[in-house]
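Letters A, B, C, D, E and F mark the chains in the order given here, with residues in each chain numbered from 1 onward.
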Amino acid sequence: MYELGVVYRNIKRADREAADGLARFGSATVHEAMGRIGLMKPYMRPIYAGAQVSGTAVTVLLQPGDNWMMHVAAEQIQPGDVVVAACTSDSTDGFFGDLLATSFQARGARGLVIDGGCRDVRTLTEMGFPVWSRAISSRGTVKSTLGSVNIQVVCAGMSVNPGDVVVADDDGVVIVPAALARKTLDAAAAREANEGEKRAKLASGVLGLDMYKMREPLEKAGLKYID
Amino acid sequence: MYELGVVYRNIKRADREAADGLARFGSATVHEAMGRIGLMKPYMRPIYAGAQVSGTAVTVLLQPGDNWMMHVAAEQIQPGDVVVAACTSDSTDGFFGDLLATSFQARGARGLVIDGGCRDVRTLTEMGFPVWSRAISSRGTVKSTLGSVNIQVVCAGMSVNPGDVVVADDDGVVIVPAALARKTLDAAAAREANEGEKRAKLASGVLGLDMYKMREPLEKAGLKYID
Amino acid sequence: MYELGVVYRNIKRADREAADGLARFGSATVHEAMGRIGLMKPYMRPIYAGAQVSGTAVTVLLQPGDNWMMHVAAEQIQPGDVVVAACTSDSTDGFFGDLLATSFQARGARGLVIDGGCRDVRTLTEMGFPVWSRAISSRGTVKSTLGSVNIQVVCAGMSVNPGDVVVADDDGVVIVPAALARKTLDAAAAREANEGEKRAKLASGVLGLDMYKMREPLEKAGLKYID
Amino acid sequence: MYELGVVYRNIKRADREAADGLARFGSATVHEAMGRIGLMKPYMRPIYAGAQVSGTAVTVLLQPGDNWMMHVAAEQIQPGDVVVAACTSDSTDGFFGDLLATSFQARGARGLVIDGGCRDVRTLTEMGFPVWSRAISSRGTVKSTLGSVNIQVVCAGMSVNPGDVVVADDDGVVIVPAALARKTLDAAAAREANEGEKRAKLASGVLGLDMYKMREPLEKAGLKYID
Amino acid sequence: MYELGVVYRNIKRADREAADGLARFGSATVHEAMGRIGLMKPYMRPIYAGAQVSGTAVTVLLQPGDNWMMHVAAEQIQPGDVVVAACTSDSTDGFFGDLLATSFQARGARGLVIDGGCRDVRTLTEMGFPVWSRAISSRGTVKSTLGSVNIQVVCAGMSVNPGDVVVADDDGVVIVPAALARKTLDAAAAREANEGEKRAKLASGVLGLDMYKMREPLEKAGLKYID
Amino acid sequence: MYELGVVYRNIKRADREAADGLARFGSATVHEAMGRIGLMKPYMRPIYAGAQVSGTAVTVLLQPGDNWMMHVAAEQIQPGDVVVAACTSDSTDGFFGDLLATSFQARGARGLVIDGGCRDVRTLTEMGFPVWSRAISSRGTVKSTLGSVNIQVVCAGMSVNPGDVVVADDDGVVIVPAALARKTLDAAAAREANEGEKRAKLASGVLGLDMYKMREPLEKAGLKYID
């Protein structure tokens, strides 16, 4: 958060298999697998429904109303990355549109997470380039003040280091630190393994009260049933 | 609003026919039929477009970041109910996901209205289990502090008693007190009976100014036309 | 903004060809063509995706919770108009629904931009009558206090004169003053002429850094690359 | 919440001694004494610091941009009341100013709690008439649509019945149902009796960890200390 | 709103006597005298209580995160002016601090109204230089992109022309068009002449219901009293 | 951000002299001295005007509606610290009141920065214990779920490491990384050394346009003066 005007070129990306594998679990399961931590604020919404991606973070720190650093970031993208853009102060301006998306996609980016605005959403939808943003706005930006690329940033309330894993879907965006990627993948898989059985039980009418053995602790906590 | 740690098991549900029949009129017509009252705040949005339901309210009072009472509520659901969940302080956490939805649906619930967050929206959409919420968030919750089930709650600015009728669609969520359900159904039907004719007139180019005889009151109020 | 209780009947609409022609460029390109000016605040969102219109503004100044002036405005609509409704104080009430939409559509309106709420969104979607609004709300309104029609208004942060061109799509709503319509059309066309070539280059892997010749100014500004 | 156009003249006010006595404990202690329930949303702020009142609620349901019912409410005020005003939809308009305050004060009101706007705050401060509101706004209102007086309302997320006790200070506004007033007064007094001793201990350097015996449960919950 | 990069040097200021005289009535009375129009959004708050000013507007259009134009505006200030600063997109950055205030004050400005952030509020308070702003923020700004000075702007939802009268106090900020300044002064004076008598009556216990003769219209509107 | 249930006891605090010395420059100057970086979001406001502190951060990660970790944090406080509390999801609950303040003050804390609510503001003001918070709320909290103490947190959009320097005043809250404390102190001092002279010039009527030599770059950027 504290260096302006720098671009780190050699970042350590999370284990590729873990970074790729986390997508299929989705943000809610990964968030649970992390111990209920790592979620960006829920104002971050996808510009279209149904996208579900994971990848390694290339981070960008933007200045308000200025998207110069997005172009600098493009060069740092490698296949399998997701760009995560923060801004030094809250802004809804349209820092990103179809031309940058074309460039990012050509470089191998799987999507963009931006704590700011995005435009050309119809074209982005047609291109299948998913964006999670705080706003949609036609407003274009200037190119005059330096930010940074691949430093630690805070995006929508979450700290993100370059190389961390980004998991994003219709439920939101979760960040998994690179060092925890493999472990989180395993925890998510374990977690999901149990879900099928639970779902079947609940679908058959078994109550969570019984399945999770909640009746006793509820009674102990003092819950009263009144007829 | 004032009892914590209680579950009322025998609630008086609104007249079933009225509770079922109100769905087809939609929230806007029902809101007008009530005399322009009963609407939750418009930040309550459906997680997918096109759902239109009505049913009898099972109410839940949650604590922030804690969905324990949702499991307690599941047991109180009867076919034809809609669960209405309030929280003791504003929270966007994901109190509800696909497992709880499976359970609620198995019990006969027609949907959920929650002044909080919801997750697994893609799965909920596939299941056809509609949710109206203030947020979508992957963030899971703990199970440690008691709230209540089937007490009077305030959800998104509206007072809801267990057994009241909930009418929800793309336009929002309206609450009809159980005692007014039948009368509101009749008023909604009467209201809609006139709409077809009005629509035809307006479509033919007749102005509301003339159809509603507004020209005289407008002139009386002092409206000036300037050429 | 300062006259209440008046309706201007003879407004000067922007050049028809320009007013019609701007739609195809979309709000983002038009906003750039204007010199990055003219955009309403990004809380204005379409009630359904995919609509893209332009037309001449008929303006309405509403009072909170009161849609009387919408009926007065209907009479002033001519084919090719887009109605722009402002309110004297912030309100999310549902000032507009399917009956008014039927009337507006019959008069030739192409859509509505309202700094307030809208209802019957499912029917409006079926009718193909696009609305950009700050909220969706079932809440109906009274008809008792005068506002004005076809005066200058401020809608979602943007000043709009009757006859100005409204350009609205999934990215937002831009206002082009009538006097600048033709010039803006030309600028938008010129702008778009270059986009195809740029897009092709970027798609082929050329970086914006090179295409826009940014490397030198970035270096001059002090950007440091760190390996 | 469901009756418009009515004024209840004979409301049952809470026990006077309890209603008067709760002021000195303040909203935070009363809220705890109620079992952490009854608090309005924290956007309700006093127009000046230092006021601390309690009294019996006279309730008002306003229409947006319309303060007609405030005048109707004035007649229902008795000495020792606090007026609680809700609105059928969110509004920041200035429903209340120095003239109404003069009238309310002459009738014996101790203050106003309004889920809307308030104006003439400098004069109100000089008069010593405290107001808790969601906004301060010069914008005046019309007098044309009926609401109600002394029905149950929802004000800033809390259900209020006429006659309930209102406790308001710099920390916010709490509602105590009339039937619980006496019991809450006792609970608040008991609670405060312990506070002096606790404060002295903490001031002497004793930790809450020890005073509240938290070390064991924290360890049980798994807390780890790392040197 | 549509010209960037221009400074109008010869603006027509409102009648000086009217511009100076409106201060003493305050924003609420002036807003009523205008016919309930002209008020900026209520998020505009003074940085300290008790300031009450009026003056002629020098307008500034800023770019987000950029206060270059504030320095350009300083040169255009004449004694008796109030600077009104808008921004091309929402920003809370601290565009204004004690150095600019020193310069503005030296030029004769009576205050600043800014739809953005302000800093050094303690020093500004000591200097007695009042600011109405949407935010307080330490965040400084760059000087790199042109806006304009003395064009029509929209500030906090209100259209402002250079030379218009600004009236600001603890209740908010009202804009009086230059052409209406004298007439508004007279209307405000007339309005206030009646207030003393009204206040005395209300203080003596006369109800607004009787003083304003509301009982009959309320009955006509259908108000029911229930004992 | 990623460890729950841990307390780091041996944190490395910033250079004491720098940590203490930064207070007198205030948040705006320190923010500039850092290169315009490090500021928390401007929704963080002091509960009373006039406090200006700096100190070393003890960090706390809270769970929503749960202040257990505040008691754990108390033990880690050393004289000269400022506690910085973040929460795993947005909450306005009153996590902190006069008892905790008594304890924190007894331990030597200079203040609290909390991305949540605070209560007992009148008593805190009397105690002279400053708090910067996002809300004021009477609502109390439970003690049942673990967070952490002295891990890296994100508070109001800013990343904070234990031991970093916190600088807070009426303008907001800035974080200076421990490693940059000394250098920032020097930069702030250098910056302030120039301010007196600048202020005198501006007070004498010299324009920033001339003092900062902006006329040429403005002309180059295309600024046009129109008479």
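To be clear about the criterion, contacts are C-beta pairs under 8 Å (C-beta built on N, C-alpha and C of every residue); 3 or more make two chains touch, one makes a residue touch a chain.
Since this is a predicted model, take the numbers as computed values, not measurements.
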Please give the intersection of the contact partners of chain D with those of chain F. B, E
Please report how many Å separate the Cα centroid of chain E from that of chain F, as a whole number. 31
Please compute the C-alpha centroid of chain A, do the same for chain E, then give the distance between them in whole Å. 42
Cα centroid separation, chain A vs chain F, in Å, comes to 27
Among chain E residues, those touching two or more other chains are 36, 39, 88-90, 92, 137, 139, 145
Inter-chain touch pairs (all): A-B, A-C, A-E, A-F, B-C, B-D, B-F, C-D, C-E, D-E, D-F, E-F
Going by the contact rule set out above, which residues of chain F touch chain B in the complex? 63-66, 88-93, 137, 139, 142, 144-145
What residues of chain F sit close enough to touch chain A in their complex? 1-2, 4, 34-39, 41, 88-90, 152, 154, 157-159, 177, 180
Chain F partner contacts - residues on chain D that touch it in the complex: 26-28, 30-32, 36, 39, 42, 45, 49-50, 52, 169-172, 174, 195, 198-199, 202-205, 207-209, 212, 214, 218, 221-227
Would you pull the chain E residues touching chain F in the complex into a rising list? 5-10, 68, 71-72, 74-75, 92, 94, 97-100, 102-103, 105-107, 117, 119-122, 135-140, 143, 145-146
